[in-house]
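In structure tokens below, several structures.
Two complexes come next, and they have one chain in common, chain A, joined by chain B in the first and chain C in the second.
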Partner chain A sequence: MVIHGVYIVSKSGGLIFNHDHSIPRIETEKVFNYPIDLKLDYDPKKVSVAFGQKDGITVGHVLNSINGMPVNGSTLEDGRNVKEVFENANEFPLTLKFARPKMTTNEKIFLASMFYPLFAIASQLSPEPKSSGIEILEADTFKLQCFQTLTGVKFMVVAETTQAGVDVLLRRIYELYADYVLKNPFYSLEMPIRCELFDTNLQALLEQMEKGGVTTI
Partner chain B sequence: MSRQTSRLDSKKVNSELLTLTYGALVTQIIRDFENIDDVNKQLERIGYNMGIRLIEDFLSRTASTRCLDMRETADKIQQAFRMYLNVQPTISNWAASADEFSLIFDTNPLTEFVELPADMSTLRFSGVLCGCIRGALEMVQLEVHCWFAQDQLKGDGTTEIRVKFIRRLEDAIPAGED
Partner chain C sequence: MTIHNLYIFDKFGTLLYYAEWNRIKQSGITREEEAKLMYGMLFSIKSFVNRISPTDPKEGFLFYKTNKYALHYLETASGLRFVLNTDTSAVSVKEFLQQYYAKVWVEYVVKNPLWVPGTPVTSDLFKQKSDQYIRQSSLFASKSA
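== the complex of A and B ==
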């Protein structure tokens, strides 16, 4: 029973709220000798593993720190280039920490606006007239369930594939939205939601759901 | 008016509190604007802004589906009045084209202790109700015109709100529903 996150997309397709609930944090630290037996991809924004996964470091993970010193993009905090450090045999052995890349807010906004046309296309591809858009999108590691209100706001929950009762949860989130967001006179419609009461009540709802299942909410 | 832990019993407040608060609001607006036409406009605007938010509350509580004809809409509006004001208007006076109807109120909680002064005969005291209906329906892509046909404050036997369908806002209908 795991809910990874909640997203709300406004009628015009912008992400107005997101909440990460339980994203497993995967981090691996390991000592390396020269030369590094991983094929790394040096992107100016991040250094990631391109090939050769081992000991829990998988393809796609990004380099977080060297000897405990955080890595910013492709440079170390003291200004040295990561690639140059790795090519210098005198620096070794090095303790490298790899982790799963975290989604930035910009990427989340980008993905949310990407889902919007997919939802619209799905309803047009339908062989039957008057179809809804995507309601459930399932993958092998998660499922995304979407609920669109009559006014066009989309509520989305990303959860484990086995999570039951997400539709009930979505309706309850809608109730919280109607209560704590729209009755807040300082919230203007279609704008990002920054309402503390909504945050705390949503958090409580998600915890209650994880502890007691659907029947308790 | 947020929901309590048991959802069957939503928080109840005494209607007199609403009546008096609303009265205070109207008095303040009259003091601020003086011109009765402006006051009517402001009340309608306040109602509209309430309506566009209140509709979400209505939908999340009732799990209503989209209305596909005006009679359904009338039923939903009646239900909303029962929910929010605890009054049950009667629906009548359907136009032959089925796009216009009246909501008849025997009592109006907003005007409970109100007498209209003689110099304010053009004031639409409960103007928020019309604005609210218009705003709420606009959010579910229905454009309507809404006005008072009779008003007990003005000596009529009942209070009557007319609602007239103008058009469906086709381009505003969310994808996946059109």
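== the complex of A and C ==
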């Protein structure tokens, strides 16, 4: 029973609120000898695994540190280029730490605006008349449940596939939104939600749900 | 329970086969345009799911549901995509699609030497067997029946 995150998207498709609840950190540290038996992709912004997943390091994971020294983009903290370090056999063995990339705020905004057309196309391609947009989207690692209010605001929760009662949770979040965001005189519609009371109440709601299940909320 | 329609795409987005059974609403655009729209949506969903997933996905996107229908998705390792629209109460459609792939697609399309890979399937035998397979399944029961 895990809830990974809550997203609120405004009527126009902008991300106005995001709360990461429990995102598991996936990190692997391993000692490598020369030459590295992974195919790496050297991008100026990040060094990621392109081929050869093993020991929990999978394709798409990003290089975080070398011998405990953090990597910024494709350079080490002391200014050396990662690729040059890897090509130098004298540097080995090296301890490399790989991790699944965390979503940046920009990426979240991008994804939120990407969900908007998917939602609309799903209703257009429907074989039945008067279909709504996507309500539940399921993959093998999570499910995303979406609740659209009559005014067009979308509440989304990303949870484990086995999590029950997400629809009840969504309606409770809507209540909190109505109570703490819409009644806040300093809040203007369509703008990001920065409201402490909403944050704390949402946090409490999610914790309550994790402890006692749906029936307690 | 009912099955609405079926789309089969290859890895380049070509619509290889389309069939429909209980489709009440047409999208109002031509079949080619609809196929492009569908493929584009699936492509976006795939990248969306990969990025929003809290852990490393293996199979990735499985299905989505609206209040009226459910879209089930199966992608083979070779990039073939099966899309089946059913009502929202259908269960274990993934297994059904895997069976469909193994028993109908492989048997009557892949093993047909006259089929040129990457082109729409025109074989009458395949059409007949595919229709038969879908109609026989437990998922298929017309609402009017």
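Methods note: the second predicted complex is superposed on the first by the 217 of 217 C-alpha atoms of A that agree within 3 Å, B and C clash if a C-alpha of one lies under 4 Å from a C-alpha of the other, contacts with A are read in each partner's own complex, and residues count from 1 in each chain.
Basically, a residue touches a chain if its C-beta (ideal position, glycine included) is under 8 Å from a C-beta of that chain, and two chains touch if they have at least 3 such contacts.
Note that the structure is predicted; figures quoted are calculated from it, not measured.
*Asks:* Overlay done on chain A, so just call it for chain B and chain C: clash or fit.
*Replies:* Chain B/chain C on chain A - fit side by side.
*Asks:* With the two complexes superposed on chain A, say which partner A:D43 touches: chain B (first), chain C (second), both, or neither.
*Replies:* neither
*Asks:* Count the residues of chain A touched by chain B and by chain C, then name the partner with the higher count.
*Replies:* So, of the two partners, C touches more residues of chain A.
*Asks:* Thinking of the overlay built on chain A, is A:R171 touched by chain B (first), by chain C (second), by both, or by neither?
*Replies:* A:R171 sits against chain B, while chain C stays out of touch.
*Asks:* Put down the vertex angle at chain A formed with chain B and chain C, C-alpha centres only, nearest 10°.
*Replies:* 90
*Asks:* Is A:H4 contacted by the first partner chain B, the second partner chain C, both or neither?
*Replies:* It touches chain C, and chain B stays clear.
*Asks:* Report for A:S123: first if it touches chain B alone, second if chain C alone, otherwise both or neither.
*Replies:* both
*Asks:* Looking at the overlay, what does A:T141 touch: chain B (first), chain C (second), both, or neither?
*Replies:* second
*Asks:* Check whether A:F115 is in contact with chain B, with chain C, with both or with neither, and answer first, second, both or neither.
*Replies:* The second partner, chain C, only.
*Asks:* May I ask you to decide whether A:G133 touches chain B, chain C, both, or neither, giving the answer as first, second, both or neither?
*Replies:* both
*Asks:* Check the superposed model and tell me the shortest C-alpha distance between chain B and chain C, rounded to whole Å.
*Replies:* 10
*Asks:* Kindly list the residues of chain A that each of chain B and chain C touches, one partner per complex.
*Replies:* In chain A, residues 122-123, 130-133 are touched by chain B and also by chain C.
*Asks:* Per the contact definition, I'd like the list of chain C residues that touch chain A in the complex.
*Replies:* Contact set of chain C toward chain A: 4-5, 20, 22-25, 27, 34, 37-38, 40-41, 44-45, 48-69, 71, 85.
*Asks:* Residue numbers of chain A touching chain C in their complex, please.
*Replies:* Residues 4-5, 23-24, 26, 58, 60, 100, 103, 107, 111, 114-115, 117-118, 121-142, 144, 158 of chain A touch chain C in their complex.
*Asks:* Can you tell me which positions in chain A touch chain B when the two form their complex?
*Replies:* Those in contact with chain B are residues 11, 116, 119-120, 122-123, 130-133, 148-153, 171, 174-175, 177-180, 182-183, 189.
*Asks:* Given the complex with chain A, which residues does chain B contribute to the contact?
*Replies:* Residue list for chain B touching chain A: 1-3, 52-57, 59-61, 63-66, 139-140, 172-178.
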